[in-house]
């Protein structure tokens, strides 16, 4: 069985990749994707702690992951709707060009 | 006699099963095309293909040779890797989901189930997941073709498929509630007690669920009356406008393989899978031997082909929806109906137990 | 260390790295889908089958497809306009990478200093549809209701936000 540390390391790596993407990309959709990646990394931790924890029959981590997946789905839907609305208004999804406070 | 370990036997039998199922599925795909052309022809008062071989039975072979030998055109402006990958994704996803389907009664040899490639306890979830990955094939083909008609076709198709996926998934929840499992084998076993009376569609009171599934499945497979993505009169041929030769054939095969998968799932979930409609009444007639083993497969194939016939019948009968009608039907009618169905099934089950 | 974990972890890391570095957004989203399949594989390696395939269904089948769809809706017709210019060392990207590297070093240090742990049970406890459903309806019924309200609100909110305003429609 793979030790817990490796799962934590993998999740830390995925989190950092997502963070770097969310901070450096200029396309709004890709920033959203970076945020989703960070959520996924957190999910790996939840499942790993469930599997290695003292009381796995309670399914705590699995439940947490399922709830977090549904929250992420809701977030993606609203986020993409906002991006579509912004695009309709500004004709671009490049975050550098969406910098006016007044429409 | 060479002695094989249990794992080697498992591996050998699994590869054999995959090969047999693949060959049968692809043959079935080819002959479904012929069946469709024949039946459509008769319904429109003409013959359908009748020249190649007796009753046109060799027509699929001729079509295959034709598609193989045609020039494989690659338009200049396409996004090359994705253009090639799209039909492969579409066909692969269509074929993967068949591996979860139990084709006959549970028959084990050396601990390996002979009539099902993989019995996984979340089988239904895998079928839904793999089908949803298949959308990438459509979306990518439209985008990578760099062509307005293709892009519109694939946009339409993607929107349609992800909208109807919701209704499709929710229509199955009633069945899952009744069986208490996502394993397709368990779902079939939960409705094999008294023949047709205990099938989900009759005894399980899932006729509304079946209706929703049927509508959503037509939309999922882009079949008439929901075949807007490839509406010839508006979009040339939709997302596969730029495709030719074998790449086009792969899309074509994916569509028909999806049809067969959908028919298999409907059979498993609502019509008792490989169980006989007469329950155990006819058991004493074929108590032993070959017929007893093969009869479940006969029932399964019979049910699946009845569905495919229904598909063709609907195609010959109904005109195409308008796009706003299609979206309204999915979101405002099928989705609420599916939720009411879940509520009603859960209430009935709660009061019965 | 199992081979399955290695393969899925490699797919996850490779896919997500490509998703965050490719210049063509469509390639990014496709690599993301691949990376998410890898993450689902990691869940399977941990014995959580239900969550793994839910992940494929929700993330690969819905979220990533939705992102592709949004991309095709907004800029699908001009392929060249999609591709981001090469700007390797602008100030904002350097500070982004430095922040991410700092976060990774802290998290990685924390993960490494964790004492090696073995699972309390050899076989992963059953986490199939039935167990998850029972847990949802008993212990976690309140969170379930809250999630239901959240999803409904998100559904209505997304429709309202994406709806064209009065002036744009005329």
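Just so it is clear, A, B and C label the chains in written order, and each chain counts residues from 1 on its own.
Keep this in mind: contacts are C-beta pairs under 8 Å (C-beta built on N, C-alpha and C of every residue); 3 or more make two chains touch, one makes a residue touch a chain.
Since the structure is predicted, the reported quantities are computational estimates derived from the model, not experimental observations.
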Could you give the fewest steps needed to travel from chain A to chain B through chains in contact? 2
Result of counting contacting C-beta pairs for A-C and B-C, higher pair: A-C
Taking each chain's centre as the mean position of its Cα atoms, how many Å separate chain A from chain B? 33
Separation of mean Cα positions, chain C and chain B [Å, integer]: 28
Where the centres are mean C-alpha positions, what is the separation of chain A from chain C, in Å? 5
Residues in chain C with touches to at least two other chains are numbered 50, 54, 62, 66, 73
Among all residues of chain B, which ones touch two or more of the remaining chains? none
Please output the residues of chain C touching chain B within their complex, sorted ascending. 26, 30, 33, 49-50, 53-54, 56-57, 60-62, 65-66, 68-69, 72-73, 76-77, 79, 128-130
Residue positions on chain B within touch of chain C in the complex are 79, 82, 120-122, 125-126, 128-129, 131-133, 135-136, 139-140, 142-143, 146, 148, 151, 154-155, 158-159, 162, 165, 176, 180-182
Touch list for chain A against partner chain C, complex: 1-10, 12-21, 23-27, 29-30, 32-34, 36-37, 40, 43-44, 47-48, 50-59, 62-63, 65-67, 69-78, 80-85, 87-88, 93
In their shared complex, chain A is touched by residues of chain C numbered 1-2, 5, 9, 12-13, 16-17, 19-20, 25, 28-29, 32, 35-36, 39, 42-43, 45-48, 50-51, 54-55, 58-59, 62-63, 66-67, 70-71, 73-75, 84, 92-93, 95-97, 99-101, 103-104, 107-108, 110-112, 114, 116-121, 124-125, 127, 131-132, 135-136, 139-140, 143, 147, 150-151, 153-155, 157-159, 161-162, 164, 168
